[in-house]
Amino acid sequence: MIRIQLNIELNYMVDTQGADFVFNIHAARTPSQAVSAERCVISQAVDTSVHTDPASGNRYMRLRAFGGPLQLSYSATVDITHHRADPSTIAEVPVHRLPPQTMGYIYPSRYCQSDRLLRLAANQFGYLAPGYARVMAIRDYVARHVAFTSNTSNANTSALDTIVEQVGVCRDFAHLMIALCRACNVPARFATGTDYGADPALGPPDFHAYVEAYIGDRWYIFDPSGTAMPMAFVRFGTGRDAADVAFATIFGSVQTQAPVINAWAVQDALLGIEMPHYSHQALSTDDGAVRLH
Amino acid sequence: MIRIQLNIELNYMVDTQGADFVFNIHAARTPSQAVSAERCVISQAVDTSVHTDPASGNRYMRLRAFGGPLQLSYSATVDITHHRADPSTIAEVPVHRLPPQTMGYIYPSRYCQSDRLLRLAANQFGYLAPGYARVMAIRDYVARHVAFTSNTSNANTSALDTIVEQVGVCRDFAHLMIALCRACNVPARFATGTDYGADPALGPPDFHAYVEAYIGDRWYIFDPSGTAMPMAFVRFGTGRDAADVAFATIFGSVQTQAPVINAWAVQDALLGIEMPHYSHQALSTDDGAVRLH
Amino acid sequence: MIRIQLNIELNYMVDTQGADFVFNIHAARTPSQAVSAERCVISQAVDTSVHTDPASGNRYMRLRAFGGPLQLSYSATVDITHHRADPSTIAEVPVHRLPPQTMGYIYPSRYCQSDRLLRLAANQFGYLAPGYARVMAIRDYVARHVAFTSNTSNANTSALDTIVEQVGVCRDFAHLMIALCRACNVPARFATGTDYGADPALGPPDFHAYVEAYIGDRWYIFDPSGTAMPMAFVRFGTGRDAADVAFATIFGSVQTQAPVINAWAVQDALLGIEMPHYSHQALSTDDGAVRLH
Amino acid sequence: MIRIQLNIELNYMVDTQGADFVFNIHAARTPSQAVSAERCVISQAVDTSVHTDPASGNRYMRLRAFGGPLQLSYSATVDITHHRADPSTIAEVPVHRLPPQTMGYIYPSRYCQSDRLLRLAANQFGYLAPGYARVMAIRDYVARHVAFTSNTSNANTSALDTIVEQVGVCRDFAHLMIALCRACNVPARFATGTDYGADPALGPPDFHAYVEAYIGDRWYIFDPSGTAMPMAFVRFGTGRDAADVAFATIFGSVQTQAPVINAWAVQDALLGIEMPHYSHQALSTDDGAVRLH
């Protein structure tokens, strides 16, 4: 088991007319991700509602803020019990055997226009044997062709832009990998959360975007940007792409400051809590097996 | 109540390697749309599975076909009891009061990139009073700016193409109206089904794509292409856009023939079954009221 | 006659590997634009070559800079004798009567994809009588639909983006107006130069991009962004679009500072030099009449 | 010397309102391409004007046709004396040594958006030694990544579409190769003409689009689609991309029939006229050396 302590602080300056916010920064509660000691403090005395999406487990907090400063502080202790598997044992699932709830993730979405990448995907990955290794080949292709550079993409940037421009941030890597997976008929979804800053080379903890692909009988984690340690990801949300699970969707005129994020792993051998580390095992934090009945 | 008799015949020639199909041509079963005398015949002796999506009520039929001809015949009797309302009584719902299950429909999707149309929507519709009439103004804007012309768009065509090219078919009108609604923070979704060919000027019955917008406390029908009679629509599916509810999603090499569609209205005054007609009332065939608790 | 005194200072920090520059910041020499007291100082002791394009009169200065700071100072006195005409007398030229050298300006270019705007142009402007007033209607359409906002566009932004996003800077206004003119079969080209900061409401002098449309028998000036006074424009270059006449095209790794531009009008009644002012007359600084022989 | 006999027949049905045509189907007259026995017959008694562009040598024929059928028959005897060179001797020209008249061909154009492909080009070709072999590597990359399939692209399709979709016709191959060359600072232009149907495997003679890249001291021919024999190309026009040198640009409502093209090589040993053949030599039909003075 991995234990991550999480602190997030978000700061906004809201225009006098007020603004609506939808936050997706609560750690998801799943059978493999337990959330305790959770605390969310809002600097304004406004009503908040938290809705848990029954299909994804995503928790969306909505509020309508007044004009003026708005601060949101979120902290939690998150215990993650990964499903770990030998990659060589994980097969792709043929289309006619895909569970219905995964089908939406082989269709194109706003930022993952897989419908236009069918030939490229077939040319690059069509000759590979289906399975975890092929999905990893897609992941490696994206990691190899795209350079991680801040401020090279924006909220409109999609997988088509990234395949052309070959530059972006974690969100762009994820969108391109998802689009290529779907073009190979592998369900793939966009996952958000935090990474963990143990490794100074990877920089401080930050919001992160990565990929979950449905292979074998569950959703496995892939990190195409290669900037973080998958075992230490805390999952906030999963969706078709960034449109579904933005950290904050804002309706109104708001100035946004850089978020302050702290995430650190806790070790406790007695409790069986180990430190996150790089692993060649396939990792999943999903709700368990999803099979066609 | 409206009663539509429906007959659909689809014909394909499947390559020798076989192909997977996902059909969404079953009339949806909703509290306001009752389906009886339903029959679906497949020319090949293959397993089929029909999955009803719990959120949308869409029924997806999957099968894996052999090489050779594949014929699918579907027929049903569909009784539609519309919720009808006075448009002037229907208000828009502010973002912070939107029911959670409608939130996904204000985000951009593959063919409805509302994120890029925020200023255009504000310029065109921002000054209008929120409500049914504003959504109708969006519908009229699309009807006025886009010409209905066959073979001018394809499976990649999105709302951005349609706002630029100003031409398309019903699917394109629907995508553009949806994108503009979402850019105004009105949840909007893509609906598919059949229209009804009573009016020779509108041509024979056909598959149709139209829009449902969430205003007041439910999803109301809009027909931006203006090529059909909304009261006679049989609903198959609803989704983010055409990616979710294609009549047939095909995985493999298949030649497709033009579908043969028959839909006719039945009148029976004794049973209270009336003929469909154009109406200034707002119409909904949804599952009833959806309100924020 | 208008006399503009011009001072331009450009500052760069060139990477150690050096970099190639193509500048287009020399005032064009045309029969109606006389350039005197011209001076161009480069801080590095490098060879420069100035090439005058025979067709456009554009003057391109090329140099290969060393690593380190590079400063370019350009100053000139520019006397402009506009051709002025009564707009109501200026007709459009039918396609089969266009002079050959104008034909290239009805074809689409990188940032002015007129081929995709044919229907939009026909819908918006097709019913108007051809002539100067119709071109002005295109200019006004762009001015009305696009908001001038800094930092909303970049070097990739094209007319298609601007028609969708409805925001941009002078370059984007110009590209959209050009694309719409071409879609109406009116030759239109991209012009660059400086504006004149007499009016504090319009801000200090700056580089500027505007439009020249071929109507009547010559190229007339239009300013779709409406941020400057056309009579005081000094012309540097004309081309298909910004790709042809960038102020500086840079090959290599270079940091660019904001340019420092001064432009002021000089009055001298004895010499017949008047102050620039807004005028309802049609203005041209072109080389004179261009007619099909 | 190569001698090609050329016959072209174009057929149109012009709407009653008439239509303007710009044809670019006359064989270019260049120092290395001599045109004799030329004949152009128009079925309508209309004025035609042929303009030879001084920079490119392209010959554009314009006419305004009446409503009704329009037939154009063009025939010519074309003698081509290629400049032939050993590829290993041909170097790329650094930007600061490029002749001014080639500079326009390193800038992006409508269908060759090289500005968005800088990183991809650097990643794929940046490590190769500059020269003919690097340009050939670009040609081979395009040939390898794009599949030749009719009816997969249209008049809007650009290099960005082709790099994503990986399918197209000769025009699309040419646009992508041009964009990649320009992204490497190699001037490249779009060339049109006819191919030669000696090889049954390559199909009958047809209109063709290919590439000329400026390396060494002249423009060399490249055929990225690999569907034809470069030595037998008759050149009609060269331009930035297909927007400049369409075989026919039509203004008005016209139905177009498939062109009928015949091109055959003539052999005459006495006259030193040889049959075209595949060659590893670099070929140029340009006006001779173009050097920076």
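List of remarks:
Note that the chains are named A, B, C and D in the order they appear, and that numbering of residues resets to 1 at the start of each chain.
Quick note on the criterion: a residue touches a chain if its C-beta (ideal position, glycine included) is under 8 Å from a C-beta of that chain, and two chains touch if they have at least 3 such contacts.
Quantities reported herein were computed from a predicted structural model and do not represent experimental measurements.
For the touching copies subunit A and subunit B, the fraction of interface residue numbers used by both exceeds half; the interface is of the same-residue type. Separating the centre of subunit B from that of subunit C, both taken as means of CA atoms, is a distance of 47 Å. With centres set at the average Cα position, the gap from subunit C to subunit D is 31 Å.
Look at where the CA atoms of subunit A average out and do the same for subunit C: the two points lie 46 Å apart. Along subunit B, residues 116 each make contact with two or more other chains. Chain contact topology: the protein chains form a single closed ring, every chain touching exactly two others.
Pairwise chain contacts present here: A-B, A-D, B-C, C-D [touch as defined]. Within the complex formed with subunit C, the residues of subunit B that make contact are 116-117, 119-120, 123, 145, 147, 160, 163-167.
The residues of subunit D lying in touch with subunit C in their complex are 20, 22, 51, 53, 55, 60, 62-64, 94-96, 100, 103-104, 107-110, 113, 115-116, 155-156, 185, 240, 243-244, 249, 251.
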